[in-house]
């Protein structure tokens, strides 16, 4: 039994503690230490990439399993494992965090040690959520991720940060308490004195542990509540714009980049696996909510004057696609959904970085305050054009690959059907509308005296964007290795849910 | 041989008087005395039952109650003195700074 | 020989890409960037030509098997999409047009963009555009075609918005991209349906099995419709978006805000024709649905006629050509709809050449007249710009369909197929409308020539001069081209017809070549010449002031007003779509989201707050009230136990 | 005879209690309370608890009431300082509750058929005389209840120190 996963999960927290308690670390040094530490974590997570021998893409089951009894009385194990579904999200987390820390170099200068510590602690939380296979352990990590984010927004946020962060915390927390209820219910109903998800699934599959239909649906809804708020699915999204507008740039990037994906991941890992029948039952309804989210998010984004709010609503729209992909309940849809979660992390993360850069220069997020950036900051505008295009879903970039696969999945899924794909595609048009509208208002136009003397992108900012853009283009042109790594797990999962592709 | 019910009834009566004393009077000391009275009524009931069941435990308990009551009075009065020093009053209603 | 072909095809696309990358990262100077870009395009043309020759060398039936896959693009379980190219006769011809005309336009641009603010960026976009268009034409599956499809949309967005200082350029670029996107919505839906029906998107899989679609029905809100019709109709939406047909055509005239050579390449020769290419490429599906094919014909004809009528009322030199392009595209779409696929491709090729010539000519005029675009301020430029004048005249003759020029042969073939009839039957009404439109074309082109070149120079505030050699040489080449290109499908030999046969054999859609009818030819030429003569009389030798009223207003009155305002299409779209969209957006963001959804959340929070305030009343601070509560509790408990146990 | 004595003492005790509650002067209520304690002591005697009766008189009546009187004199609050009445509606409610409480007690003691007390009147065993004697109480106190006994001693010590500390601190406050 190797310890790679535990190393990956707990290393960041160790770094956080060091940063907090080690004596005599100046702000300047704290940033460097945090950066190096997060790079070490990223290096530790690299062996997970298929081809390094640790992760075998041809096996669908959980791999690199680490299981140690923890709380004997309730049968709670410290149980970590990874499979095709969570692989890329883990790598996205370890890949994004160094970039996020890099972005704090010139944007955060008050209480830097605490900021970096919270960021690393957050990383531990997120990795824990992605790797935990024990329901109890999962819940602990799930709630733990809220705490650092609460402080990140609460302390370093904008003017209305208190309202935003309290709303964020309470909204997510209230929903996840329902999930805790469901977890306990499962534990009691199963009666095998264990919270282990794989064992529970085996018991279900072999018929030892059967849930009657209505109860399964209620439990599905309990899990649904927690994850829908996190994703956010349409009616539960009202915390996101506030959280994003008030969060510091680094906070926004990590929030959009990874935190939102935990909801989507949760749906796949728990809702689909534990309650296949309920998933089939609720798929059309959730599909409708997703489609509304796509169009609604895009539509509102168009009317925003605050850039960050615009990008926040665009996240609501993009994640509507992910939900559509998940609840297509077929291999293609799931492939698309998982890849789109990674893509969204990259594109929207980069978009927030870009927005952060002009915020650092002008200290305002109002779109009308900008104009003519293309002339003043050509390199910056070229990079942001690429990022905007990836968010719009232009082919040859990563957004398109994810969205197209989801559309194929949704179109041919017996539970959704062509209407969902059609309305989903409307979202693609609207995405072009509001993003290009923003691009025109900010980048094109004539140079105002305020934007005349803005300096172009610095080397530091370049090092932040280049890795993201490299991946955006790579996934756009050659996504096959990403798909192949999750192929087995996703197909196994889709078959377990029931009839996959509609009869041709 | 006076039946125990009478004693218990008497004890209840005394207890109720004590309670009304606590509720109605506003002088802290009188309230305090009413509390003592309630304790006493409880003791009476205890001893009554001790005789009834022919068991000494009731009386032992009463004994302990008395000692505790003594301790309580000591501390209580010290508190009252403390309050009087700062508030210049022993009227219970004037001391209502702990308003919600 | 087979392997050589396999290596050449990717090279065609890679060369412009390399040119773009070099310019993007290494080059700062405009002229040098122009040279590199043109070199890349010419190289691509040369490679394309050799590939064309090699393909011609292959035996007849092997010409559609040249299919090379570079790598597996999407590999998501059942969804397998290769990144592969197909070099068959149809795409070969398209490649030649794109790279050939493209190269000439690149060379022309060197001169034209000499004093532009950001020439390097312009050449990067131009090269990227050629690469994207080549991907579109060479793709061997629909998803890769879609990649090229949106790629050219992006490049047109960038090129239109090149000089973004100007307000109309900024708005036009976004309008173009969004309207293309609406078309792409339809195409994507068709692609999704194709995948669901065939499990793959490769042409090699879909077209041979296209027959399976017959009889398959889907029922939806408008009742049961054939799957083939649904797919074809969705494709048609894509075509109207990209080839600027009704209803999605208003973006093309505004796209004239971009640099003129860019308009020549994109909005005349290549991008807008990709819609026609799509129909011809997917003929196996369109054949199955006479209903959708007929709709295509009617859309094409209607667009042709309306656009021609609008062109008559325009004063901007480029706008006239823009509407002329929309009209000629209408011809091609009608031909493709009728099933006369070879005629459509033939007209596409000839139009590509002479419309590029006209646009470059217009570019040369604007260049010479110091960026004046309003024809009312021109006049008498033939003396100042002889070369431009004569080449422009050749282009006009070709467009009007005068005898020896290319336009005559291709337009005549379309009109001929309308009367002679194809697999779906004859279209007499369509034929007559097309002939009238041809006459209108002759009219507005002669109007333009006489307004620009004949008569006296009305606005003398500028001194017009001829463009230098680097711009006029491409004009002469294109002028020669607009004569020679007509011969490739000259009746009797029908080279193009035979060349494209293998492409249509797959779905056995090969019709026998159209017999040439003299009567029809004479009628069309006579009408064209007549219309030209009328235009000459009305416009050529009148002495107007700079801001004259077009004489036609007297004859046509309100109609002319309608033509001039593009039949008020823009205002209708603005009122029907754009304004409601903005209104709803602001409603949602200002009222619904904050009050509605957020309201619920904050409402819940406020409720809890109120509850809390309610309880505070109980904390009175009086010790005695607390003891009272104690007592109540005691009484309640005693009471309960006292009485409950009894019952 | 015994019943008569019980009734007299009961009446005296209740009267003293009521007087204690009603009298305006704190000293008077203290004295009434002392009388009450004596009444209860007599009742203890009736209930064969001579040791407790003595303890009652010495501790309660002697020590505690003296302390009370001392504090009353110290604080000088024997005059009725009842003008500030925060909760005027409290008294009637308290009386009503008191009546309810008594009625419940009465019902529980006399009316409800609880088995335990019913059989009491029969077996009035003679041997009850000895249980209240000091030696009997002492024997059980130092055997079965040794631990509580020690704890109460600690408790008394704590109370002692507490009282001193509280009053000590407040005196300093006074000097400022």
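Which chain is which? They are A, B, C and D, in the order written, and residues in each are numbered from 1.
One rule holds for everything that comes next: a contact is a pair of C-beta atoms (placed from the backbone, for glycine too) under 8 Å apart; a residue touches a chain by one contact, two chains touch by 3 or more.
Predicted model, so just to flag it, every value in this text is computed and none were measured.
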Identity of the chain that, by mean CA position, is farthest from subunit D: C
Most extensive contact between chains (C-beta pair count): B-D
Mean-CA-position distance for subunit D and subunit C (Å): 103
Intercentroid distance (Cα basis), subunit D paired with subunit A, Å: 70
Centre-of-Cα separation between subunit D and subunit B, whole angstrom: 6
Cα-centroid distance, subunit A relative to subunit B, in whole angstrom: 65
Of all residues in subunit D, the ones touching two or more other chains: 86-87, 90, 93-94, 97, 101
Subunit A, residues touching no fewer than two other chains: none
In subunit C, residues with contacts to at least two other chains: 620, 622, 624, 628, 631
Inter-chain touch pairs (all): A-C, B-C, B-D, C-D
Subunit A - residues contacting subunit C, complex: 167, 170-171, 235, 237-239, 241, 296, 299-300, 302-304, 331-332, 335-336, 339, 372, 374, 389, 394-396, 400-401, 404-405, 407-409, 411-412, 418-419, 421-422, 425-426, 428-429, 432-433, 436-437, 440, 443-446, 477-480, 483-484, 487, 490-491, 494, 501-502, 504
Subunit B contact footprint on subunit D (complex, rising order): 2-3, 6, 10, 13-14, 17-18, 20-21, 26, 29-30, 33, 36-37, 40, 43-44, 46-49, 51-52, 55-56, 59-60, 63-64, 67-68, 71-72, 74-75, 77, 80-82, 84-87, 90-91, 93-95, 97-98, 101-102, 105-106, 109-110, 117, 120-121, 124-125, 127-128, 131-132, 136-137, 140-141, 145, 148-149, 152, 155-156, 158-160, 162-164, 166-167, 169-171, 173-174
Subunit D contact footprint on subunit C (complex, rising order): 620, 622, 624-625, 628, 631-632, 634-635, 638-639, 642, 645-646
Complex interface listing, subunit B residues touching subunit C: 19, 22-23, 26, 92-93, 95-100
Contact set on subunit B toward subunit D in their complex: 1-10, 12-21, 23-27, 29-30, 32-34, 36-37, 40, 43-44, 47-48, 50-52, 54-57, 59-60, 62-64, 66-75, 77-82, 84-86, 89-91, 93-94, 96
